[in-house]
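Right, I'll just put the structure down here and ask away after.
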Amino acid sequence: MSLHIIQTEIMAMEKRRRLYSMACIVLIAAVLISGYGLANDLNSGGFLTGMQQFFDYPSEIVKEAWAAGFSFFLVMGRFVPALVETLNIAGAASIVGGALAVVLAFLGSANLGVNPPVVITIVRRIMDIMRAFPELILALFLIFILGSSPVPAMIAVAFHTAGALGKLFSEVNENADADPVEGLASCGATWLQRMRYGVLPQVLPNYLSYFMLRFEINVRASAILGFVGAGGIGMELRRTIGWGKGAGDETAALFMLLILSIFVIDQLSSFIRRRLVTGRDSE
Amino acid sequence: MKIAELTKTFGKITAVDTVSFSIDQPQMVGVIGPSGAGKSTMLRMINRLTDATQGSIRINDREILALTGREKRRWQRDCAMIFQQFNLVPRLNVVTNVLMGRLNGHSTIKSLFCVFGRHMVEEALAALDRLGIADQALQRAETLSGGQQQRVAIARALMQTPKMVLADEPIASLDPLSAEKVMNSLREIRDRDNLTVICNLHTLDTARTYCDRVIGMLEGRIVFDDLPEKLTPSVVRDIYGANEELNESVTSTAIFKPGVEPDSGQPTPALTPLAANG
Amino acid sequence: MTSSTLAIQPPAPVTGSLTVFSRIRRNSLLVMAGTGLTILYLLYTFISFDVWDLLSRSKPQRAVLLATDAVAHKVHVTKTIRGAGGLSIAVEGERTATYETPPGWVTVSDDLTRVDLAEGYRVDISGTHVIFQIPDLGPIHVRITDTGIETILPEGVDPPDWLRATPAKFDARPTIGRRVQVSKARIEVHRYFMGWENFFFPFRSELAVYSPGQLFSLAFSDQRLDPDMPNWRLMATTFWNNPGWQHKQVFIALLETFLMAVLGTITAALVGLPLAILAAANFTPAQALRFAVRRLFDFLRGIDMLIWSLIFIRAFGLGPLTGALAIAFTDTGSLGKLFSEALEGVNKKQMEGVNATGANRLQFYRFGVIPQIIPVFVSQTLYYLEANVRSATIIGALGAGGIGLMLVEAMNTQRHWENVFYLILLTISLVMVMDTVSAKLRNRLIHGRSGI
C-alpha cells in the first residue's frame, strides 16, 4: 500500500518535472519566434532579402582581393602597424587590468584575513560595477575628452578587465588552501609576505590561464572599439568600409589580418592553458 | 614564561578556560587530552595566531598578549610553531620553504622578488642537513612524504632561530617510523639548543617517552601538570573522561608495539635504538 | 636522551650549497626579469600610444562641461543685434522651448534688459552695451562697435582667467553656472539650473506647469484637458512622445539591444548543442566529421563578432535582427566548443546505465547525457547572455542600431549631454539588471542541483 503511495508520488513528481521542462521549452520557443518576428519588423532590411544579399558583400571583397593579385599581400603588409596597435591596446589593457585585478582580488577574498572585513564587501561591489560597465561607454566618453587615440580604448578595456578578472581571481583565491598562509603567519610574516608566498604560488597557474583567455577576448574588444574611433585595425576598417566600393581589397586584407591574428592567439592561448593544467597534474 | 588565567571563548563555548602554568627553565612539555580539550587553541594563543579572550602570557615581564604589529610578528618568529598538516607551501621547493622562517625582518622588496642572501641559503641548508633532508632541498615540498614534510617544517622552525618551539600534534598524520624521527628531532631541539618545546600529543606513550613534564587538559582546563611518571591509569581516566572505557591503545599510534604495559615507565623494545643512543 | 641519531649526520656538501644558492638566485632573477619586461612593454606602449602628446591635447574642461550639462540645464537669454533684432529666452536655446513671457529673473523695459544671475551677478543689456556686474570685482563694460568688441574692466583689475576678450568675441564664465557671450551678431546670457528640464512633459505641453501633487489629482479627475481621452492617458502619451527626451525611441532602442543579446545567445546555444555532440570524441566516432565540426567552430569564432557584424549590417541593414545574427554566429562557435568540451568530460557510467536499459538513441541522449550537461549548458549560456548585452551595445554602435547607435549619435552631436547621460544610465542599468538576474538564476541552478 505504502509502496503504491510512493509510486504515485514519484509519478506525480515526474509528471510535474516534465511539465516544467515542457513549459520551459515552450517559453523559449515562444521567445524565439516572437523575438525574431519583432526583430524582423524592427530591422530596416528583412530576413529574406537579407539572406539573398548575404554573400554579396563577402564575394565582392573577395573578388576585389583576387583582382589585386600579389599586391594583396602588400596591402596586408601595409596594415600590420594597425594590427600591432590593436594588439598593443589589448596587451597593455590586459596587463594593467590584470595587475589591478590581482590587487582587487586579494582585497576582495573572504579567506585572506583582510582587515577590516568591510573592505571585502566594498571591493567586491567595485569589481561588480567595473565588470558590468560597458566598455563602449567608457571608450566613447574618453574619446570625447582625450580625442581619438588608442589610449581611451586601452583604459576602457583595462577597466572592464580589472573587474572581470578580479572576480575570477578572487574565486580562485577563495579555493586556495589556508594552511600555508597560517604556517607563514606563525613565522611572523607580514600580510604581503603571506600573500606572496602562501597564496600566490597556489593560484598563479589559474591566474595565468584566465589571463590568457582574457587577452584573447581583449584583442577582439580592442579591434571592435577601434571602429568607434580608438585607433588600430578597427579604425582602418571603418575608413575602408566608409569608402564604399573600390576599397574591397583593403577591407579583405584587414579581415584577413584580424582573422589570422585571432586564430594564432586562440591556438596559443589554449596551448598555454592546456600546459598549465597538465603541468599541475603531472607534478 | 608565565601563563595566567588564559581563556578563549568562541561564542558560548569556552575552548580554553582560565589556564595557568609557568615554565621556568627549558624543558619539553607534552600536552595531552581528548580532542576538543583546547590544546590547539592554547598553543595558537601563545603564538598569537588566535587572540585570547582573557588572561596573560608574560615572558621576562613582557606581556605577549599585548603585542601588536611588528612586535607581534617578531614574537611569532621567536616562538616557532609546527603544525599537524605541516603548513608548508606545497608548490615552493624545500629550501625556499625553510627560508620562509626568516621572512620576518626581510624587506618587502626583497620578499616580493624572492631575494635571499648566500649566508641565509647556507643556514637553511644546514638546518635541512641537521634533519637529514638536505638532498631534497630543490624538490617541491608537495612531492615529499609526510614525514619529510614535517622535518622541513622543523627546519623552517630552526631557521627562525626561535626562543621556544610549539608543536601542534606534529605526528598525528604520520606513519610510525616518520613519527619517531620527528619526535627525535624535537627532543634534540630541546637538548642541543636548550629550548623549551611545548608539544600537543594525542598519544600517552609518546608523552611519557619524550617529555620532561606532562600537562593534561580536559574541557579547556588543566587537570594534570606533573612529571610523566605520575601518569597513572587513574589519572589518565580522569583526563580522557571517566565513563569511557579507556584502552591505552586507543590513544596510541603504533610507534610502540601493542601490549606494552603503559605505566611501566620503561622504554619498550621498539625504542631500543633511541635508548642506545641516549 | 641527551643526544640523538641526528648527531651522526655528515656535514652539508659545499657543492650542494652552491647549486642550491644559484637556483634560488636564478628564481629571483626570473621574477625580476619578468617584472622588468612587463614594465618595459608598458613603457613601449606608452610611447607608441603617444600618451604625453595625448595628455597635452586632451580637453579636461570637456569633462566638466559634460558633468555639468549632464545634471543641469541652462536657459539662454539671447539678444540678436543684426537682422530683425529682438530678445528670446529659451531652455537650451531651443525654439520649441521659448518663454512667451519672461521668467521672474529677467526684466524687460523699453530700453533695458536686466538678467539677474543670482548671488549678486547681474547683466544689464541696453542696445549694444552690456554691463556684467560681478561681486568683488565690479562691472565689466562690453560694447559692440563697428571696429569690434570693446571690453573695459574696472580700473586696476587684471583680466581674470575665466575671461576671454578679443575684438571678435567676448566670453566670460565667472562660475560654472553663469556665462555671458558677446559677438557682433548677438549677446547671449546663460543661466544654469539643477535638474533635467522637461523630462516628463515637453515645454509647450499644458501639463508642464503642474506640480507632482496636482498631476496626481488631475490624473483621476473627470475634467478632461483633452476631450478625446482621459487625463492619465493624455499624460502617458505626452510623456511617451516627449520630443526632447524621446522616451519612445529610447525604449525601442533598449528593446532592440536586449533582443539582439537574448535572441543571439539562445540561438547560439540551441544550434551549438547538437553541433557540440558531433564534435565530442565520445559521441561521434567519425573522426572526419568531428574534425569538420571543430573547424567550423574555430571558423565562426575566428571571424570575430566585428566582421560578422559588418557583413550582416551590409546584408540586413540596421536593426536587432542584424545584431542577433552576428551574436548567434560568433557564439555558436564559442558555446559549441565549450559544450563539446563539457560533453567529453561527462561520466560514462550514467550513459552506460541508460544504454543497458535498451534505450533508443533519443532516449539515450535524453536520460544519459542531457541531465549531466544541463547545468553547464544553462550556466554558460547565461554567462554569455550577460556578456552579450554589453556586446550588443557595441555592435549597435558599429551600425546595427539599438542603444549603442543612439549613444554614439547623441555623443556626436555634442549638444544634449543630459540625454547622453540618461542613455548611459539606462544602458548601465540594463547591463546590471541582466547581470543580477543571470547570477540569481545560475545560483539557483547550482543550489537546486546540489539540493537534490
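In this document, chain identifiers A, B and C correspond to the written order of the chains, with residue numbering beginning at 1 in each.
Everything below uses one rule, namely that a contact is a pair of C-beta atoms (placed from the backbone, for glycine too) under 8 Å apart; a residue touches a chain by one contact, two chains touch by 3 or more.
Keep in mind it's a predicted model, so treat the numbers as computed, not measured.
Judged by contacting C-beta pairs, the busier of the interfaces B-C and A-C is A-C.
Relative to the centroid of all protein Cα atoms, the closest per-chain Cα centroid is that of A.
Taking each chain's centre as the average of its CA atoms, chain A and chain B sit 49 Å apart.
Inter-chain centre distance (chain B to chain C, centres taken as mean C-alpha positions): 59 Å.
Centre-to-centre separation of chain A and chain C, using mean CA positions: 17 Å.
Multi-chain contact residues of chain A (touching two or more other chains) are absent. Each of residues 96, 112 in chain B touches at least two other chains. Interface residues of chain A, counted against chain B in their complex, comprise 177, 179-180, 182-190, 192-193, 196-198, 201-202, 283.
Contacts from chain C toward chain A in the complex involve residues 38, 41-42, 44-46, 48-51, 54-55, 57-60, 62-63, 66, 252, 255-256, 259-260, 262-263, 266-267, 270, 298, 301-307, 310-312, 314-322, 324, 390, 393-394, 397-398, 401, 404, 407-408, 411, 414, 424, 427-428, 431-432, 435. Across the complex, chain C is touched by residues 28, 31-32, 35-36, 38-40, 42-47, 50-51, 53-54, 56-58, 85, 88, 91-92, 95-96, 128, 131-137, 140-141, 144-147, 149-151, 154, 220, 223-225, 227-228, 234, 237, 241, 255, 258-259, 262-263, 266 of chain A.
Considering their complex, residues 1-7, 9, 11-13, 16-17, 19-21, 23-24, 27-28, 31-32, 35 of chain C touch chain B. Residues 93, 95-96, 99, 112-116, 118, 121-122, 125-126, 128-132, 134-135, 137-138, 181, 184-185, 187-188, 191-192, 210, 273-274, 277-278 of chain B are the ones that touch chain C when the two sit in their complex.
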